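Multiple structures are listed underneath, in structure tokens.
Shared between the two complexes below is subunit A, which has subunit B as its partner in the first and subunit C in the second.
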Partner chain A sequence: MGWRNVPYEALCLCFRTTMPLSTQSQPGEQHVFVASLDNARNLSNILKAIAFKDHAIFSATPNGLKVTVEDSKCLQANAFIQADIFQEFTIREDLVGFQINLTVLLDCLNIFGGSAVSVAGMSTVLKMCYRGYGYPLTLFLEEAGVVTVCKINTQEPEEPIDFDFCSTNVTNKVILLSESLKEAFSELDMTSEVLQITMSPSQPYFRLSTFGNSGNAHYDYPKDSDMMDLFQCTKTQTNRYKMSLLKPSTKALALSCKVSVRTDTRGFLSLQYLIRNDDGQICFVEYYCCPDIEVDDE
Partner chain B sequence: MDCVISGGNVRVLAKAIHSLSRIGEELYVEPQKDGLALRSVNSSRSAYACFLFAPLFFSRYTIPTCQTFRCKMAIKSVQAIFRSQVSLEKTVEKCHIKLEEQKNRLTFTLHCKHGLLKTHNLSFQDSESLQAVFDKDSYGNVFRCNPRLLVDTVTHFPPSLEEVTVSVNDERMWVRNHVEEHDQGKTMLTELCLGSDEFEHFAAQNHNSITFCLKELRGFLVFAESTSLPVSMYFDEPGSPVVLCVTDSVLEGNFVLATLSDDVNHCRSNTGLANSSPPPPDDFMNDDMDSYLISMDTSIAPAPSSAGAPTPPFVAPACSKQPAVANHRARLYSEEEDEEDLGSSEGPPNKKFCSLFFGSVLPPSSQTSTQPVMTQEVLASDSEDDSEV
Partner chain C sequence: MKFRGKIVDVACLNHFTRVISTISKLTKSCILRLTPQHLFFVLSGKVTNGGVSMWCELSQANFFDEYQMEGFSPEDNEICLEVTPENLSRALKTTQNAKAVKVKLTKKHCPCLTITAELPTLSSISRVVTHDIPVEVIPRRLWHEFKEPSVPDFHVSIYLPPLKTMKNVVDKMKNLSNFLIMEANLRGEMNLKIETDLVSVTTHFKDLGNPPWGDDASQGGGAARRWDPEAMTQARVDIRKLQQFLIGQQVNPSKAMCNIVHDTVVHLILLHEDVSLQYFIPAVA
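So, the complex of A and B:
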């Protein structure tokens, strides 16, 4: 049987059972991290919002799970899933970290095709176990009496980039209802290489601009708009961000109900999305992005 | 130019631009005294569409008084402004179109709910006037109906179908998929018969069949259906363009589409006027319950579209005087006796519609006088133009 020697990213075993999932894992095994969810969609949906690269860094702490994906050392996305969203969240160390192929993980989470329909009572139950450094991440997924066990290889965790974005350095901050930004992002001129964001205590307050083949476009949000939850701008700032880097964040935007847009003194951008899951619980996805070109304030 | 469109009229404008985008790649904008004209033409110049929005369509309409201004721009970029139907319906309150000539840009500003302002500055190119030459009022066949009737008719045809054939007699209109002669027997034929009572107006002086592109008809219907205004169809004989028209008090839309010419029918209609031309005889017709059709003269065998020889679209009797066309036909006859080969002798252009009906890109004043020359030039260049892909 040659397949034993084939390097694999994940192995899945599927069987029918009458035993509840909670009794599936062998009691003798010592796991440093165990988490279970009644509805795997609550995890897979939020991971999809940051799935623009294959490799994701998982960091579990007693507070919850943080999943980080990066691109070109210019963009970082973090998904935060609080510990209390999980029905079971056991962690035996202060920090458990590993790197995993996110695409494979998402494929496994949706192995029952779960994302397509959310019929009541047909949700996939998930249990995640990790024995520690060098071990695969084991997923037990159960739906309608069928259990799939997936073992996904883990990798040495890389150190996530520290964007050093701290709230004391924030110059401008607005919180918008996502609805209004979704519309703007769906209409953005993708022939433009950059998205320019202007935030200012005076007009135009909050402006998104594109510079495409056929001309330029500006989307202006007044500070007293119903769509504006919070407007705290202290200084006029105009920064450009690569459209290709910001594009993945639309996935998070689509799921979210509110978004906080912040820039710091260096022009770094932080986008925080507040996402409500199927059960009404709140999770966060955060994007950090480096500015593209320095633009002089006019 | 400085104009403001409010409320539901923004959606009408958006639909018009959307439907123009089915015709050509460029949008020709011309603010005129009698309204804002938006036009488009396809690259082979076989289809042309024009919308004229009267000043009353706008809540403000001012145009430069001193000089005429015309421009063209990529229709895609204008379409992008009005891309989201949902937001147009739910959030857009008014649209402001302003020309900034010094900066060479046309600014579209959408004022949306919650104070959101979307400003699009589009660059443009200067352009000559684009005008098709057609005289729909001289056409013998005039039909008017609810757009729904045509929408329901064309839904039966697959999206891949390129052309449809419309035939009429005093009581009925038939719409069927046009099949190339060499494909006959391989393809499924679909034919719909519409009774005259389904139309608001049904006048068929010439019992003709015309074949034209479905894509542009669908484009026209995109607009017509959204406004629910009655649509009119004018046509004369094969080779003359069919004119589709939608009007109300503040707007007018005309789509002019070339039709495939049918040499035999064409000759007959030139000599003995089209009244005697039979409807296209084919198996489907014979199956039809209208037995009188069968009894009509079926000795002229060709399918209505056996050849794509170009003929000018405007008034029929005049066209035979066109030197270009006359020569062309003469040459065809000398080379090919058989009608079936007539089509294939045309080679690829067989399927092409000819762009004859343009005095386009000409100053309006010289249009009429230079028309024959223009026709000739266009014919030469456009039969090679492959735009129908």
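So, the complex of A and C:
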């Protein structure tokens, strides 16, 4: 018995007998944002890929939902979930934004265990509602007839850092099959404080280097490799990024099937991960990272 | 005092191992009472263990092929030991494909439960593994502390939802809060609730059914009969205690139920065919 097709007011009616007063919906109450999903994992999985800090900024627009997490003003991760991924996506304002504790949200989304779907129809159905500024984000989760209602307090959204990364300033860009990068990342020397990325129109084309306790290591990808979907490098660029900042992105890498690696004129790094969910739909997770130290081009 | 028992049947041995393992997850130390017919594992609600108490009853005939005991005296034909279930459980895990397992009360450097397992061999030489598990003999004058608890005069008695679902929910709630409110009414509805500064979460279970207790049920004044069937009775408990209880359950019992005395205690009961487990979690303010 799913309630995905039942109008929200009817849903509230059937809760009314058991729900405490505080969770009842008032007649005529307007939600500025309502979204529902047949499978809550489609949201929780992608949020896990950016869950390296507690605080997340939610921004919903008619196009979909963007969730942003930042660290030390040097790293920003964005998860994009398009409106058509949701079975219902209603928004009454151009932009609905709030800040929320992501760890709490993930615990709520996985309240029924969040394990892989083994039996068809045993997924957790989700409905998210938000009444507006100052109100909590309300989640209704249902699995096998059991309903959980979560009210997560929201905070005033902070302005996300604008990394000002625009495609016109991109100097180098490669698109790789994630498979190849997963392998490299799993073998990276984590004792190295930095990961150095070299991108060049000539040898070594695309190189990952580490400088750890046990020596230096280089990973080279030839530009005509099967793993390379696209190779657009205009200028030799070598930049270093803090390993500790890049590490959270491996969560996104693990879920993704393709990854686009771009650097701009300032050496800023953009990693875009293409993630296919349980239902075969596509979502994106994007990481921006500041370079650590400038290395002079040779 | 004498005690010796022998388990031959593999199914009985596995079952016994599972029961001990369940108990080892609930408590570090407990009392083992041996009577001619039963084994009881008892934890009495002391402040040191957070006021939680436990009563687990096994009928010896369903586990042991041979069972001999001689208690404190013919009038008090019982043996009362303090044991560490974890040690018992670890010893039993090494006996999984044994041909026979013997359990005996012995006097080594200290009183011990000696578990001897005869392991299968291909050759004619037998392989025997022996575990000596130190125990403490409880003197007769202290036995009164380990009596079977009476069923409290509950307001609501209700069947529990599938324990796996409940465990998942409680595990996640534990990440969010230290305390959980259990609510139930006589209409078969139960809620698990947490509330913190950050979040409030309520899981609603319905159509669980209320066990028919009859008149002999509540030994008190029949609080359930006076309780409004629609009204929720509630108890706020330490979420770790409830989680411990749920972690321990390796097999789905034939019956799992819960009695709640409003703001006082949560009494959980699991019934397997030949084992019953009762667990009491006191409510906290």
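Keep this in mind: the second predicted complex is superposed on the first by the 266 of 298 C-alpha atoms of A that agree within 3 Å, B and C clash if a C-alpha of one lies under 4 Å from a C-alpha of the other, contacts with A are read in each partner's own complex, and residues count from 1 in each chain.
The rule is simple: a contact is a pair of C-beta atoms (placed from the backbone, for glycine too) under 8 Å apart; a residue touches a chain by one contact, two chains touch by 3 or more.
Since the structure is predicted, the reported quantities are computational estimates derived from the model, not experimental observations.
Trainee: Go through the superposed model and pick first if A:225 touches only subunit B, second if only subunit C, both, or neither.
Mentor: A:225: touches subunit B, not subunit C.
Trainee: For A:107, decide between first (touching subunit B), second (touching subunit C), both and neither.
Mentor: A:107 sits against subunit C, while subunit B stays out of touch.
Trainee: Who wins on subunit A residues touched, subunit B or subunit C?
Mentor: C
Trainee: State whether A:214 touches subunit B only (first), subunit C only (second), both chains, or neither.
Mentor: After superposing on A, A:214 lies in contact with subunit B but is clear of subunit C.
Trainee: Using the superposition on chain A described above, determine whether A:147 touches subunit B (first), subunit C (second), both, or neither.
Mentor: Touch status of A:147: second partner only.
Trainee: With both complexes overlaid on chain A, does A:186 touch subunit B (first), subunit C (second), both or neither?
Mentor: first
Trainee: Go through the superposed model and pick first if A:94 touches only subunit B, second if only subunit C, both, or neither.
Mentor: So A:94 meets neither subunit B nor subunit C here.
Trainee: A:159 contacts which: subunit B (first), subunit C (second), both, neither?
Mentor: So A:159 meets neither subunit B nor subunit C here.
Trainee: Going by the contact rule at the top, pick out the subunit C residues touching subunit A in the complex.
Mentor: 161, 164-165, 168-169, 172-173, 175-176, 189, 191, 197-207
Trainee: If you look only at subunit A, which of its residues touch subunit B in the complex?
Mentor: Those in contact with subunit B are residues 180, 183-184, 186-187, 189, 212-222, 224-227.
Trainee: Going by the contact rule at the top, pick out the subunit A residues touching subunit C in the complex.
Mentor: Touching subunit C: residues 15, 18-20, 22-23, 101, 103-104, 107-108, 110-113, 136, 143-153 of subunit A.
Trainee: Would you mind writing out the residues of subunit B in touch with subunit A in their complex?
Mentor: For subunit B paired with subunit A, touching residues are 73-74, 76-77, 80, 83-84, 87, 91, 105, 114-123.
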